[in-house]
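Next, two complexes with chain A in common: one pairs it with chain B, the other with chain C.
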Partner chain A sequence: MAANITKITFFRATATRGLATCPPVPIGGLTEYEIKNTTLPNNLVVASANNESPISRISIVVRAGSRNETPDNAGVTHTLRICAGLSTKNSTQFAITRNIQQVGASLTCSSDREVVAYTLEGTKQAIEKTLPFLTEVATQQVFRPWEVAENVPRQRLELALRSPQLRAIDLLHKAAFRRGLGNSLYSAKYQLGNISSETLQHYVASNFTTGRTAVVGLGVDHSQLVNYAQGLSLETGEGSTTPSPYIGGEIRSDKGGNLAFVAIGGAGGALKDTKERLAFAVLQRALGIGPQVKWGTTDNGVLSKAVGGDVQYAISAVNASYSDAGLFGTLIAAPSASAGKIVEAVVKVLKGGALSDADVNRGKNQLKTSVLLDSESGSNIIGCIGSQAALVGSAQSGSQIAAAIDSVSTADVNA
Partner chain B sequence: MLKPTNVSLYLKATSQVVSNNIKPLHPNVVITKKLVTPTPQLSLTSFTLSKTLPLGNVRVISGPAVSTQVRWAHTDINVPDWSQYRRDSVKSSVAKSSESEDSRKNFTYLIAGAGTVTAAYAAKAVVTQFVSSMSASADVLALAKIEIKLAEIPEGKSVTFKWRGKPLFIRHRAADEIATEQAVPVSSLRDPQHDNDRVQRPEWLVVIGVCTHLGCVPIANAGDFGGYYCPCHGSHYDASGRIRKGPAPLNLEVPFYEFPDETTLVVG
Partner chain C sequence: MALSFVQKRFMSSALQKWAYNLSGFNKLGLMRDDVLYEDDDVKEALRRLPESEIDARNFRILRAVQLSIQKDILPKDQWTKLEEDRLYLTPIVNQVIKEREEREEWEKNY
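Showing the complex of A and B:
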């Protein structure tokens, strides 16, 4: 009751008087914010932005994605992600789940082809109470064999729930890169239950090093985050990353269903080459990623115009940029009868088409819009900042990226 | 070993229709049940279909107690068959329960009502049985009545019996005593009662021998009035047991008695 009194009467009055002079902060936080980057002496990257959002987010991002799997430990990143939250050196699975849920925070682990990120989201007080658990889950996992074995049905469920679109993109990567970036995000069915606790521990020991890690925060103070990152107990080192060049190939997989999903791709722009990367992103938007007006039916992209027709289909240009390679192409979803015709039209555009200035401008505007809209939502942008920090070494804010997009010219895109 | 002569075996597939188990093709296997997963949503318009297409770099997110949970549903639980206990009118799966609703309800209410009434009676019987066990026992009740043979009491004599812990005087009165007592004016008595009101048969006086003053036992055939005399404080009673002189306020108490036959008196 005493706490209620201080909250309601006196302090609130002074607070509102003080803030009355400032413009109000939007409920999701500021949309224009600056990202501060620091690289610690042990090569750990710290990036944070204070967007004055009521929700704070802290993410530990490690370059341990599925491209680092070898044929011996295929499926280890899938298992690693599923095993996030299991017992650690100083905490049990029950304690982690209960303490985090009790304060209303949420802990997630996301993995893609290059990074694995452990994210803790919650109010400031919740984060203060549960930050040790994030450290535990990200750096001190012990992978008890019985707990790992208990999670196999969950992996099986995830495999069963994959959509055909996801499988198409997975197979596209496999055809393009074979090993490395071609490794699937998901474990193969025959490997379920074969990933032992030792495999996981070895994988973590060799990949979770300070040279491959970044700590990213949103809605937190940068100096405090640097202090926290300095306290993380990780091995120093760079680890090794095998290069994954584009090779190319074709894979067909028959799984039934009434829609055919065709993914056609070629080499794209890598993250380290900024100009190429932005040009490919603009090209993706110019070619079209589906109707951009809610519940609209017209897609003004070049691909859609080339195909035309009134059959139910969906075409989207696909662009993936990884640190040393990239993939660019299209994904077509169409009934099997008309799939052949659509594929032919799309390939013609990809091989020979040239884009007009209007198309490129459209692409640039759409890309800028989506980047800025994404950066308004903390939950989306924490992943992007995390990937940038881990892979490139510094993160750029949404407005900086938007400014860079402006500098892309039609010639870059057509090249 | 894939010898050239064996290749033809691999160019066709064989399955046995009716097997005689002499040449088994495969060892026996057990086919496990398939996993059940939720069916994905159908995209029926181009817009919704295009929204399901990933744009490039795919990231999968999961967490402890987030995104997927495997819950163990025990599908091997056998629910017993309760049809033996069910009512016949609703056993069929196409029977409408509203049709038999009234008859079922009435039957249930009838049984419940009858059962309640019976139970109330039974409860009352049990309770009264237990409560009445605390009342006077048979030996005490037996002492509550006294039976006296009148032939053993000679005329003119007053006999004392112990009855209910108190002395009981029975006097076989002579005719002159009766006449005397009946002639006494009632208005001159402290406790006015005529003799006829105190006796059922004039020759037999039945009174309790406790002085109404302070409870001493009067002496028979003593005192100034030919009846009883209490020696404690000098109360004189007459042959009808009425107080005539002395401190006692009331006449001697007359208990309930009856003559079941000519020679027996039962008091109490």
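Showing the complex of A and C:
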């Protein structure tokens, strides 16, 4: 396999560049690439980047995340995620699984509060063979009642495997936004088995429309991707998006164990407000998200310094930007005896602190590094580009974002 | 919906009705799919039936068993008519068979 790859780059280098003075393409693909964005007439967004990686990734991203749930169908996005890959109009679950396995591709469904993404990853030949299955799974799902019912134990397992930190952040969102963005990513236990096939079909029919979908590709040709996207049969329309403003509140959940997980947050930066959201991201890094050196134990963030080193704890600043609202705060994990003291110290920093230039620069550098590191990994970047394309309408490459981060000033962050 | 398994070419509708009445299960109030032999495919299809259909089927079978214990049949106006008989299970059985065959094809080749 490695021998084949070097052969390909050798020929390409001599054919297109003449002199073989340029370095060979790294195995993970190029890291500096240009992202092409197209919006089709039916409002479907197509974004792709050719990073010349041997693995191609195509993702269909739909704005059908948990913020679109209503109290009637609470838990439908969790069920939708679990039911990805079940029988479709033209294919059985068995055929989808076996065909994709046979060529070595992989199909995953991931969802967050705003989007649901179906991603197909594999070598170029594998993608060619299994692309129809991606279309089927993303757009032609049938949700047979017995198949949906068979997957409830899997859903229960997912609920049981949630870590306390995950639950803390989930509850923080619920306290901050109540409805909309406050809807949990996971189904409530009493809703397991109550989400019927009709509910799922209705949810898909009303949310999987062309105005809310983006098709994203990495390592694929842009014009081919546009052709593919034009062939997707989705209903046209924008669907409805209810705004989800920040409201605020407090939720306490008592579980066993001797660790307390406290998540404190306030309104953050929305995606559509570029300056605000970059400033909040820099602020998150400046406050500290844990040790940044592998195997290291010291964290130079402002929060860690404020709390001091005499108790055991883990602290991280939390920043989430959604399309019309944001959440910013901290997550503290500590033994329950010392949790109170730590929370007081953290709140003091959050309420009153002003950061020095050095802190802000550290934040900016760390943020730039992590953005660029992420963009080196194809599997991370497909999710990134997908969310950007679906929520904002166009995607920026890692280096463009890094350049934008440079422009954030200390005054922005302190405000 | 009339039964579709009856060969339409050689039978007029009167002949169809006579053949249906000859089979006897309609005199006990049963439909054709109630008397399907329960092999594995039919069992899987029954698992997929919605609950309302299962309840109606169980009632019809129970009524037929009671009648056969008493060596009795329903009065003529309550017999299942050919037009009323519905193949509620056969399409699902066919789908189950198709899925099983797809699975067996795969097992053979890979």
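FYI, the second predicted complex is superposed on the first by the 393 of 415 C-alpha atoms of A that agree within 3 Å, B and C clash if a C-alpha of one lies under 4 Å from a C-alpha of the other, contacts with A are read in each partner's own complex, and residues count from 1 in each chain.
By our rule, a contact is a pair of C-beta atoms (placed from the backbone, for glycine too) under 8 Å apart; a residue touches a chain by one contact, two chains touch by 3 or more.
All figures in this text were calculated on a predicted structure; none of them were measured in a lab.
Within the superposed three-chain model, A:I264 lies out of touch with both chain B and chain C [touch as defined at top].
In the superposition on chain A, A:A175 contacts neither chain B nor chain C. Considering which of chain B and chain C touches more of chain A, the answer is B.
When both complexes are overlaid on chain A, the residue A:L166 reaches chain B alone and has no touch with chain C.
Touch criterion met: A:Q312 reaches chain B, while chain C stays clear of it.
In the superposition on chain A, A:G85 contacts chain B only, with no contact to chain C.
By the document's definition of touching, of the two partners only chain B reaches A:L107; chain C does not.
In the overlay built on the shared chain, the residue A:L372 is in contact with neither chain B nor chain C.
Note for the complex: chain C touches chain A at residues 47-48, 50, 99, 102-103, 106, 110.
Put simply, chain A touches chain C in their complex at residues 92, 94-95, 98, 102, 144-146.
For chain B in complex with chain A, the touching residues are 35, 37-38, 40, 43-47, 49-70.
Of all residues in chain A, only 81-82, 84-86, 93, 96-97, 100-101, 106-113, 153-154, 156-158, 160-161, 163, 165-166, 169-170, 185-186, 259, 284, 289-291, 295-297, 299, 312-322, 327, 331, 333, 383 touch chain B in the complex they form.
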